[in-house]
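Some notes on the structure that comes next.
Each chain carries a letter (A, B, C and D) given by its place in the written order, and its residues are counted from 1.
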């Protein structure tokens, strides 16, 4: 049994961590912080947790956090960056769900997040926690940068193609769509039900913060610089990401072997499901579950590989992957607390 | 570990039973039947179950069902009625999620379901499985009639008032609203997304099959014949029922004691949550959870008690309550397999 | 052709006024004000209006408003109250879509709106603009208080029963449900898509500002003080109100004559549609249209009259009714600009 | 005033035609046919039309249709093909909203629609009715094939690039998303609210009927064979299509001139709106309106042109474009009956 703290618990990622940890047999949540809501019972803000947690939101308190085995950061960017060093020094392990430690190129980070990075030494040491790529490093990591939601769906879908060098790495396209919970729980007019219900649009089409993260991950997989176009869209629903990926096969005659390649690549991954060729993964098939499902498609005799990849942005795209990382870091069974099927319908 | 069969597994109630039983530590699902889909892997119809069940839908086979400890019926009305006797004779226990055994007055049953009841002896013996009312009878029952979704939300909300005789039993009003999954998974034009999305309406306002079931339950609680008006409505969402209940307090000076009365009545009920006076339960706070949340309201110095009661129609209103009944029948911890918090957001 | 001004145009009521006036042949919109957005082209905020209006939001300017024939107020409460006298003195006519002039009892107004009323003389002179009740007074009114959304749906549904004295006026229940646009366009967390999508709840169940307005209107129709319980609910959709009304018939033998009574009462009303007995009006059948549809129901031999009444809260519940009032005030055909059918599906 | 008939009026395209024609000053609808619903008042199926049409669905009757000036076909494919010759011979003009006359290569047509084409002579003569491309031919056409919904959004978005030869025509990608009304109004399980609500998926990713239509149109614009990958997706909403288009600029230095090119290309088009560079068109901005809005994007210094193009699939993607074609064919003002702004919110 480990003691866990959550910094910044009022957002959707925070409540999702609590939902998952509520049934995790090896975890006690010892604190959940929120400056703005300190003193409020967690279950008053999130009535689904009534009867599950007696916790109140508390002011962040270093002494309490340092007494934890693991601290999750579910904060806006710029917060974890400043608080992490003290925890590292105290030997506390951290999974940061924000973007603070995801990018290795800190100039790029500064450009997209609008501030200089304050703890570059930890940015260097942080492990980018996509277990399907770097499971072994996660095991011993003290600081894990939990991947973004879009980057998780996009990277998992492209991985086998790039690792094997089968496609033109300069012509990758990721057309991705997300439910509204990805924008967090802030009182923005643009995220009102009246604004986004019954409507669909692209956003960030000229450039989105997840683009450099995707490029970094895909470049790592390809072993050389990739060219990727990434356009996110907003779906009038709450949870779920679907990414449709397009890549140009260098040798079209290799199309027939792709399905086997994907199945082999993810055969031992508990949270990646390669569906039969020509399937259409639905976001509802992963709603509430720490799962990525994907399927391959080809149109007539085209040399374009099409991959459709779905996750729940709050689970495999955030809190679930964070708990998966925690399980790996502490030697728990990797699926612990993450076994329940998705909620369908 | 018990062996469980499910008859009629292609509907939403069937998949929901599987979703819950997938993580139940004392249950093995040995068969799930469907005449129309025999041979199809369950996970092909319900991709959220990929990796959780290897089952195929099978033709109903008496010998297989008779080898079960418990059989759930998730069938249209009229099916369980005919199959139950053979299972009863074989000593199999049954939880029927259809309406076949809910009503004690079989003339009323025949009138609302459009056919004569074929096994009246079992209709008499069946226990109406609302654990908060008849837990002890359920323990030893061989045949449990699992309550309807609306009747669960409405009865739980009215119970304390009627049991204590505090309100005029001839003037009860239940204005109830349900998500679309309550209508099942059949190819009806009226349930298309294009027909019910972004729209709201009453239906069955001149009479709905759940009316006699509600009347029977409330009459039992009151100890005398009640007069109840019940109007269901269709919400453009998938899961959830909210029932707003109106009753006229005989002695308005007693209003102040109602909150304590409700809290006391449900203090030991793991699946009923009385929220603070004046709260507004949200259906999302019970999405996917076997929970009923309710709250009381009063407008100025009115003598009308207002109760808002919410459940997930597929869980506390169907499959979850069925598993709760199973747990009681087999002496498992009542909350087993039903502990996870609701999925919010 | 008249010149119209709109004060407070950034909310949903403002854009809806523009949508309707865009095709009104007798109206020129000469200004639309917004302190916060002054200088912004209207079509930048509301892209559906691109190509229809060249207007920018402007600071409220008394000289511009005084040059209008009619000014609509689509402001939060407390604004029109202060600006109206100057316009009245200048001979400008006003339709106020806020609540400032709806209540005749200003103590009640002060209690619900949290401030004293500053222009009681105009509150007295204002005509409560429900055309189906006071069309003749509207014709010559200088100041019209446009009814609230819920009050419109509830009053129209109860009117014939109360005017004829057929029901017990002390036991009226109005269970009403609204889409999210009724809450306006402000950055409130509680109205985020992530908060209210796929969920349903009551709100204001212990008391809502529309309760005194409803009570005033029904009391007027009944000719004596009524007792009414009103519970609003939030539907996960954008537009539409459904109100299910319950009243106790004094003489149940009169049930058969109610349908004819309703049809007769609204025979000449262009915007009230009495559907066949036992129908279920859908909110989508009035989406975008200045229409109220209603239908009557009876359960078995009950003495409870059930009325289901639907409107689009932004049209017949706000901007459409305001234009209807304008048409009456200026002698235009009452349906002018309001002829298009609802958008279904 | 012309007399118009509608064949196959029970689907969403049929009701949408009626909604638009209800306010068209030059049209009388003289019949609307449906074999299955003959005798049913149109307003019983579509309550938004109550008070607007007295029509009943009727059996298709050649003599009645031949007395029309124009007949719209809103039928499944294979119907118009057989009925058109008789109407042509009688001098009736036809706008076919089905796919029967859209493809010029009838082998391809037969392959995708699963039957041989029975009236190839008319397939040859039919004008593919995209007014922005062939307005003059439409003017005098007797038979117009109304474009499909996806093909309209995709073609309009790609047109300027291909007409000017600015992009690699072999590497076009169209990632398109549609609301559920595009699937029509049939009782298919897959289109239930319970199946597609709160979920998102690709479909037809290995090949969709609109692919050859898109290819034909783009090839026409480019003047040479194009290579296009088209993946449609299903959005959990009712109306609206968004297509995100990707094309590789031959000369990246030309990026700066694209915005001007698009604005110039559509300057005189009443129903195409080129928004400012970097905008994100929302489907709600065209809901119910015969409008295509689009915007251009570039990511950093990429040579990929990104175009986001939105329409209402039932209006500019079906019934609205059909009325636009009718207006052109009969010399009415092209915007007649199509002036109202979109319904937002």
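Quick notes on this structure:
Operating definition for what follows: a contact is a pair of C-beta atoms (placed from the backbone, for glycine too) under 8 Å apart; a residue touches a chain by one contact, two chains touch by 3 or more.
If you're wondering where the values come from, they're calculated on a predicted model, not measured in any experiment.
Chain centre most remote from that of chain C: A (centre = mean of CA atoms).
Counting C-beta pairs in contact across B-D and across A-D shows that the higher total falls to A-D. Centre to centre, using the average C-alpha position, chain B and chain D are separated by 45 Å.
If each chain is reduced to the centroid of its CA atoms, chain A and chain B end up 36 Å from each other. In terms of their C-alpha centroids, the spacing between chain A and chain D amounts to 38 Å.
In chain D, the positions touching at least two other chains are 12, 181, 185, 194-195, 197-198, 236-239, 281-282, 284, 287, 345.
Those residues of chain C lying in contact with chain D across their complex are 12, 15, 18-19, 22-23, 46-52, 181, 185, 197-198, 238-239, 273, 275, 281-282, 284-289, 293, 314, 339-345.
Residues of chain A that touch chain D in their complex: 171, 173, 175, 177, 179, 194-195, 197-203, 205-207, 211, 227, 229-231, 233, 235-240, 242, 244, 246, 248, 278, 280-284, 287, 297-300, 302, 304, 306, 308, 310, 345. Chain D meets chain B in the complex at residues 12, 180-181, 183, 185-189, 191-198, 236-238.
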